[in-house]
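Single-structure report; data block below.
Letters A, B, C and D mark the chains in the order given here, with residues in each chain numbered from 1 onward.
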Amino acid sequence: MIIVLKKDEQAETIRNITDVLANNGFTHSVLPGAKYILIPVLGDFTTEDLGRFRSFKGVHKILKISAPYYLVTKEFREKTVVDLGDGVRIGDGFCTIAGPCSVESEESIREIASLLSKSGVRMLRGGTFKLRSSPYSFQGMGVEGLRLLNSAAREHNMKCISEISDIRNIDSFMEYVDVIQVGARNMQNYALLKELSTTKKPILLKRSPSATAEEFLLSAEYLLSGGNENVILCERGIKSFDSAFRNDINIASVPHYKHISHLPVILDPSHGIGVPTYIPAVAESAVVLGADGVMVEVHTDPSSALSDGFQALIPEKFLAMQKRISQLVDFVHNQMDS
Amino acid sequence: MIIVLKKDEQAETIRNITDVLANNGFTHSVLPGAKYILIPVLGDFTTEDLGRFRSFKGVHKILKISAPYYLVTKEFREKTVVDLGDGVRIGDGFCTIAGPCSVESEESIREIASLLSKSGVRMLRGGTFKLRSSPYSFQGMGVEGLRLLNSAAREHNMKCISEISDIRNIDSFMEYVDVIQVGARNMQNYALLKELSTTKKPILLKRSPSATAEEFLLSAEYLLSGGNENVILCERGIKSFDSAFRNDINIASVPHYKHISHLPVILDPSHGIGVPTYIPAVAESAVVLGADGVMVEVHTDPSSALSDGFQALIPEKFLAMQKRISQLVDFVHNQMDS
Amino acid sequence: MIIVLKKDEQAETIRNITDVLANNGFTHSVLPGAKYILIPVLGDFTTEDLGRFRSFKGVHKILKISAPYYLVTKEFREKTVVDLGDGVRIGDGFCTIAGPCSVESEESIREIASLLSKSGVRMLRGGTFKLRSSPYSFQGMGVEGLRLLNSAAREHNMKCISEISDIRNIDSFMEYVDVIQVGARNMQNYALLKELSTTKKPILLKRSPSATAEEFLLSAEYLLSGGNENVILCERGIKSFDSAFRNDINIASVPHYKHISHLPVILDPSHGIGVPTYIPAVAESAVVLGADGVMVEVHTDPSSALSDGFQALIPEKFLAMQKRISQLVDFVHNQMDS
Amino acid sequence: MIIVLKKDEQAETIRNITDVLANNGFTHSVLPGAKYILIPVLGDFTTEDLGRFRSFKGVHKILKISAPYYLVTKEFREKTVVDLGDGVRIGDGFCTIAGPCSVESEESIREIASLLSKSGVRMLRGGTFKLRSSPYSFQGMGVEGLRLLNSAAREHNMKCISEISDIRNIDSFMEYVDVIQVGARNMQNYALLKELSTTKKPILLKRSPSATAEEFLLSAEYLLSGGNENVILCERGIKSFDSAFRNDINIASVPHYKHISHLPVILDPSHGIGVPTYIPAVAESAVVLGADGVMVEVHTDPSSALSDGFQALIPEKFLAMQKRISQLVDFVHNQMDS
């Protein structure tokens, strides 16, 4: 951290600041410049520390040198693979997570699981406790949905994932799913993050549409800091002024997370884009961008879906995409110059 | 809702759609145009309905006519006053809510309550369970903080407000505070909203920095739809690409909410702007913009604050602002032409 | 500027950098820290300098201390008043600039000038060379429009302003208008800015919807750096993800410009908001926020306007607003505590 | 266009509107609904028409059915290839445009041209009249730069491109470059667009960081509407609240333009991302996303570059990327299932 003061601050002001630093055991120095006086201070600082110093009399600005996270970075660990058992390993190869937006009935979830399994998909997704911006929308099948999702996955030797919406349902999720999804709207629900951080359960953390990349990684740091190392990052875009798409997935965000962090990164084009036409090309590009997988919505009959049907792929489109992804993974991982 | 199809869609496609509409009891008509065929459909539609129809084969786009909320609008009710007792009424006159970012000790909260009370403030704020983006930041005093806040408020015949961060703490908040604040990060924590909607406790709902005005009003609709009519809207800005300010409060947002909704609207310049220099002018402008009040952070010694000290006003600045606000309220409400 | 290197960079890397600094005459020092090495460098740096140093081998990041503008700041000058003659002074009191979006005919511009003049307005606005995002929209009356605008203004002892869209038309604007408006789309048309900077003609510079506050002030710096001191800043909002409004005017932007700069600041709620309902309250709040005036569109018959009629005020609404503004100006400037 | 009125509007209000429609020759109908009255109107409407109708008394909102462009769409033409001669065809295969940010000297531009040519690059880029946000930054070599760029390109049988910043320099650009670049800051400089639209010169139009996809396509429509069919779209991102990157390139924007338009689409990761580390992966993903090429900055010594050196690739990184791109192009275009 560097504290910046205007050149013309009085000696007393500077002494006040350096006294506080000294009293709190911070190593620092004072550098007079042409227009500003710089006080570099050594140590790891929380955003709260930065805020406190910013309010000192005479302080012009505070410059932050390092990001306030550590456990998520490659300095802490080179690579994380989240091992779900039975050969399903997130972070080791390219993983397609697929399924309907919501579990709607036993019959439909079994049908889609069967279809996906045949195309090589090992991870089944399905919403059970839906978070809807309108109180008048379909709210999900709840625990019964979790049970049906689990059962459909097990039938085909698949693993399953569903989104938690209420901290009081953790036990049910621990029982029925292999990965708990923390959705975009709960990315900063710290009570939930803390509770999950004390388990060993794999967590797929989605970026909030209003979170900077740094805030997203800080939420992952919450999970790691409590002792849970099985964290998967999931990018699904942020809000932008252009309404051409549902959200705005930055084309460089996957390379950015992979550059900074050891955690696996999944791209979610379904929620990030919201227009099925573009989903296959974007999912395929994820291979080249270095993602560890994609999560897509598939529905056998999107027009009858009880939620978000408009963004689901029909099986025919999904299967074609899945085939192209396999070809690309093989080419990019095994045949291209690196 | 209007379903738009391209002119060259086949008769069968159109019949498929109109059949579904008819089978589901929707009144509709079919209007052939030069380049498009329009199918206006009567009724109230959820976003989910819109999504489902969007995925029909042949549909070019869906046009939404009315916003998917109702209870928050002036069509439902003309005006809401949230009455906290002892003459503290939000939505009837201009209300200043003030206090430190966090309750830090019994002594400090009593000191600030005394000071604020003397300047006419009737609502004391203070964080107790803090939501921090870094897991390494100060996390608040918890229930003890609630008790101290309540006690300091009662000593001066004030009402108090604090932010809830965990649905499992509702009982403590019901006991100690007069208004429960649902913060920006929990604006779409629907489990929490639903639970609070079944109480009669006044709720101050803050806008998430990634929420559109429509999404913000939909979260208020959640609270109203469960039966809780004591809802207060609080604007604190959205994220923008300009880092000159902490967030971006749209200058027209207060007039916009007051135009659409019967609910009281509070402006929070402390979190919305984050630069104390600009807070007084912005808080004063809230009077002219038609807000029902402001919520500001005040700290007797910002540089020692355990959180967000940089954005708190010192008492001297606060008292000057409070005096100017009183003068403006009197002038705008009583002396100006309307 | 502070150059930040990782702690483990080799001595040779550091020497390379300090050699370049020394060879270019930059005073600097080297500060080893716990995780980083800091090299503070004295001097005024352009963004280009920052970019160049950022690409040095071993550089982790570059921290900027001061904004790259100077002539626009209060350090350079305390206050600028743009004097248009005949008692019309922008930056001294509160100024309302009003008129139609476009000059449409001699009759209509004379009618509106007469009406505005009677309510005390001294500055007439009117588009002549329109910049439209669609090539199929009305493109303006051109030089004939300038002549009519000038003539209507002179008839009522008013000054006039119109927006320039083509650098090749500068001579006509010099002849016919008192203030040349550089619109949002040309805020970074540097060829135009440079040409205008060599004149003494008053320039009203509008903020681009994609410009940060810093970029906006840098464009003003372009005008000042060429020798033209008669610059007026005009805020009209930026793009945001919320489509409730045409643009997003940050409530703190006027106080921010006034805090940093000596230049007069005008608020344009018509283009910034785009919804006539909210324009009066926002224009009135500009008085409290410290603006030097507002610019609003007024049209005697918005529904027949050839451009942007939807955002124009009808005369009745404008006159009521103008009366309230006068009352507020008198109260805020003369009667309130400061 | 559909005009929406509230159900309770009086018959007279409706008649006023339908009279105007009838008098102007618009075919329309009137559809009473439960809460609203809909008036669908046939025809192509400019944004200006929409604005005018929005200001009619009684109008609740105007719904737009079709985007206000036509010539850029696939309905007008299936595919455009911009043929530059000598076998350089943009829109037919994948094209890499490369070169320094600025032409800095005869020696350096010849050196880089030679290096690029050997790796198969056929298009040389280089800035000559720079547009810099600071008036104190390097402004480019001007016409002499154009001449050097042209000469270096011709020496290696390459084509060249440079950005125009002043409408008065069109003749020089016509003489020296094969493609005129209209940069992001001039995307809505309509005087310039109109002038260029009357030539046959190929134009590469960059998206403004504040333009929606629709506004970007409308600017291309300007060029086409004047008769110039040789237009190339170039995506380089928009502004967002996340400062992790220079700009925000939506991962779906290339598929979106290709879906709507017949024009070739080039991705510019250098300006769009600004961090060299991520440029190769992003440029390679452009192949999978369906782009017609990429434009990247390359500099033999980024740390001595006179502008934007920080975002340029060094030759070694560029050559590795170019090789991987070639492999991907061959695989994706020739070997994958489509």
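Note that a contact is a pair of C-beta atoms (placed from the backbone, for glycine too) under 8 Å apart; a residue touches a chain by one contact, two chains touch by 3 or more.
Bear in mind that the values here come from a model prediction, so they are computed numbers and not experimental data.
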>> Centre to centre, using CA atoms, which chain is the farthest one from chain D?
In response: B
> Hey, how far is the Cα centre of chain A from the one of chain B, in Å?
Replying inline: 26
>> Averaging over Cα atoms per chain, report the distance between chain B and chain C in Å.
In response: 31
>> I'd like the Å distance between the centres of chain A and chain C, where a centre is the mean of that chain's Cα atoms.
In response: 39
> Could you say which residues in chain A touch two or more other chains, in rising order?
Replying inline: 210, 238-241, 243
> In graph terms, with chains as vertices and touches as edges, which category applies: line, ring, star, complete, or other?
Replying inline: complete
>> Please output the residues of chain C touching chain A within their complex, sorted ascending.
In response: 2, 4, 29, 31, 33-36, 38, 40, 42-43, 61, 63, 65-66, 239-241, 243
>> For a test of understanding, state which residues of chain C touch chain D in their complex under the given definition.
In response: 20, 44, 46-48, 51-57, 68-69, 131-138, 165-168, 185-186, 188-191, 194, 208-211, 215, 218-219, 221-222, 225-226, 238-239, 302-312
> Of all residues in chain A, which touch chain D in the complex?
Replying inline: 210, 212-214, 238, 240-245, 248-253, 255-256, 259, 269, 272-273, 275, 277-278, 281-282, 284-285, 287-290, 320, 323-324, 327-328, 331-332, 335-337
